[in-house]
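One chain, subunit A, appears in both complexes that follow, with subunit B as partner in the first and subunit C in the second.
Moving on to the complex of A and B:
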């Protein structure tokens, strides 16, 4: 890890107990924090030069009944990248907004609301971002079945089976 | 008059129509990348009297070049209905035929001819310029023979198309900041 990443991590470790740090790469590390400590960690990193929010996204861990929220912060000074991850309850999918730190988060949060059903306190703009007239559970939740939905809503082309042709393939008369 | 019967004026008109095709290419998907080589000097489709056109009201040919999400399909239907008759549709690539690799997606449709009439499909993922040129030639031949009459089918079976559109889209009207 670069020295500026180490410095940033020191600061995080001093300020907050209970962080788990996983080194991924020379310039990439993952920080796992409790949900109540997420915002402090993000703001420390932002102060240390990791102020570019490249991505805010979520992973659905359905068996554990959790959503993992993932913030990726990038530094334009040394190309370092921190992945800050936190777990929230899947049943009560709510978190706090980071719009006051990164205005662009508004759109990431709208997206997460649309595709995972996660609400963000403090962000009142929860209009759908991509989908129109969506009428099912959020489509990126793991309990959503896209094939089933597609069958229900979008009829498929029906092909006529040519049995003789298939029999010839099976018999080896022609190559299938 | 049934869809296949034409009077003499229509036959003459069809000869002329097939020799000046203005094409509106709705580049929905990756397949559209094969259009620039089809248009430029190597394959040069302008030698058939074809060219790209920017607006639906001046276009004869509607090219749908790939996967269609429900959101896009609404715009496609709207665009199709703005085009004046006679109008022709080419479905480009396997996504328009049967959903292609997006057959199980929650947001993309599986077959285009269920929603608007398609005169001709080009199979392939993605079709090469040779296939594209071949399809244009075939379409011109079909127009001359009076076989490319999807626009008539659309009028005759309007209720059927509308029913399918509503079933998959919920509503065909577009509500966004550009259409309100």
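Moving on to the complex of A and C:
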């Protein structure tokens, strides 16, 4: 890891107990924190030069019954990146917003609400962004089956024989 | 005067793909603006979870239509990082050549994009025609013009024959000879100066707050480029400069695109020189390529696209399919947050200029 990454990690370790650090490679590390410590960790890292929020996303771990929220912070000074991850309950999918730190997070959170059903306290704008007239469970959850959904939504139709017959005549396969 | 609601798009000559903006205007100034994405939502992230690692290769280039190669690169780089595979040197150089050719092609395309809002159609015709010369290289090398599926995990699909090296050098020579013409027709043009200089301003602090990357931020004097700061492939072994401007207006953003073309040519020439002979791919796992398994883990990889930071977050559970893939579109911040926050105050006729020079690309936002 780079020296500025080490400094930032030292600060995080001093301020907050119970952080698990996994080194991925020389410029990338993952920090696993508990949900109540997430915002303090993010604000420490932001103050240490990791001010660019590259991505905010979620992973559905259905078997463990939890969502993993992922914040990717990037430093333009030395190219170091931190994957800050926290786990929240899948049944009661709620977390707090980071809009006050990164205004663009509003749209990432809106997207996560649409695709995973995660609510963010403090972010009131939770209207659907991409999907139109959606009437099933949020689609990126692992228990959503697109095949079943499309079968239900768009039932299979039997093609009438005379249409095929007509098509064959047009193509010249048979003589009408 | 009362407020009137106007619609920009979903179809507009200045946009790559379908994207709409609902604008509330007073006189001819935008008071409020609302981005309406979703016209190109194809559910890529869900589709990828249900396909094998190798099958997804045919899917990923379709995410960003004007510049598909960065998707293949990110996806391959992520898998290689998870699997701990060392990519052969020759393959890395070939990848660099492909990415830089794609960058030039995309910049030519953006000269075409700006033609619509300006009403200046000579540059666009030239841009599209010269882009075609690069697509010809891609066709000879990979068999496809737009979606190549050429950069695969572990290297590239096939070796580059010497015949194509000559073709690349010839095309680069031709493009270099054309640059003066472009300079005259676009950047010394009175129409372009009047319509672009001082228009669609974005200052440094706003751009940093928004999380804008790429040309959007480099036009405000900040030399942020992932190729320099977090070098992937062999960008640390070639010499090139990152053009920077300080004005932060539409003209400087378009100018930076133009100034990047000679730098890309320089990179390709160095890559062709330094490229050694040898293997071009290694398997990422044992057994049948379709049934490759990728070790458990999470990784975030990003590259410098023409519009900024383009990233993939990949999660593997050790199986034959990705567990979760998230794509960070390079223009995500300016498309959604930027339009709502910084479009108000712009005149109606400057809206397409704002959208085009900020590099807004709807397919990568909708996914």
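One rule holds for everything that comes next: the second predicted complex is superposed on the first by the 153 of 176 C-alpha atoms of A that agree within 3 Å, B and C clash if a C-alpha of one lies under 4 Å from a C-alpha of the other, contacts with A are read in each partner's own complex, and residues count from 1 in each chain.
Everything below uses one rule, namely that a contact is a pair of C-beta atoms (placed from the backbone, for glycine too) under 8 Å apart; a residue touches a chain by one contact, two chains touch by 3 or more.
Keep in mind that this is a model prediction, so the values were computed, not measured.
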In the superposition, subunit B vs subunit C on subunit A residues touched = C
Request  = Tell me which partner A:156 touches in the superposition: subunit B (first), subunit C (second), both or neither.
outcome  = first
Message = Just checking: does A:53 make contact with subunit B only, subunit C only, both, or neither of them? Give me first, second, both or neither.
response = second
Inquiry  = Output check: A:30 vs subunit B and subunit C. Expected answer is one of first, second, both, neither. What do you get?
reply    = second
Query = If you stack the two complexes on chain A, which partner ends up touching A:170: first (subunit B), second (subunit C), both, or neither?
reply = neither
Ask   = Of the two partner chains, subunit B (first) and subunit C (second), which one does A:131 touch, if any: first, second, both, or neither?
value = both
Ask   = Should A:139 be classified as contacting the first partner (subunit B), the second (subunit C), both, or neither?
value = both
Ask   = Which partner does A:121 contact after superposing on A: first (subunit B), second (subunit C), both, neither?
value = neither
Note = The shared contact residues of subunit A with subunit B and subunit C are 130-132, 139, 144, 146
Ask   = Can you list the subunit A residues touching subunit B in their complex?
value = 130-133, 135-136, 139, 144, 146-147, 149-150, 153-157
Task = State the interface residues of subunit B toward subunit A in the complex, per the touch definition above.
result = 70-71, 74, 97-99, 103-111, 114, 164, 167-171, 175-176
Complex interface listing, subunit A residues touching subunit C = 24-25, 27-28, 30, 51-55, 57, 59-60, 70, 72, 74, 76-79, 81, 83, 85, 102-104, 106-107, 115, 129-132, 139-140, 144, 146
Message = Applying the document's contact rule, which stretches of subunit C touch subunit A when the two form their complex?
response = 37-38, 41, 43, 45-47, 50, 81, 208-211, 213, 222, 224, 226, 229-230, 297-300, 302, 309, 311, 313, 315, 323-324, 326, 328, 332-333, 336-337, 341, 366
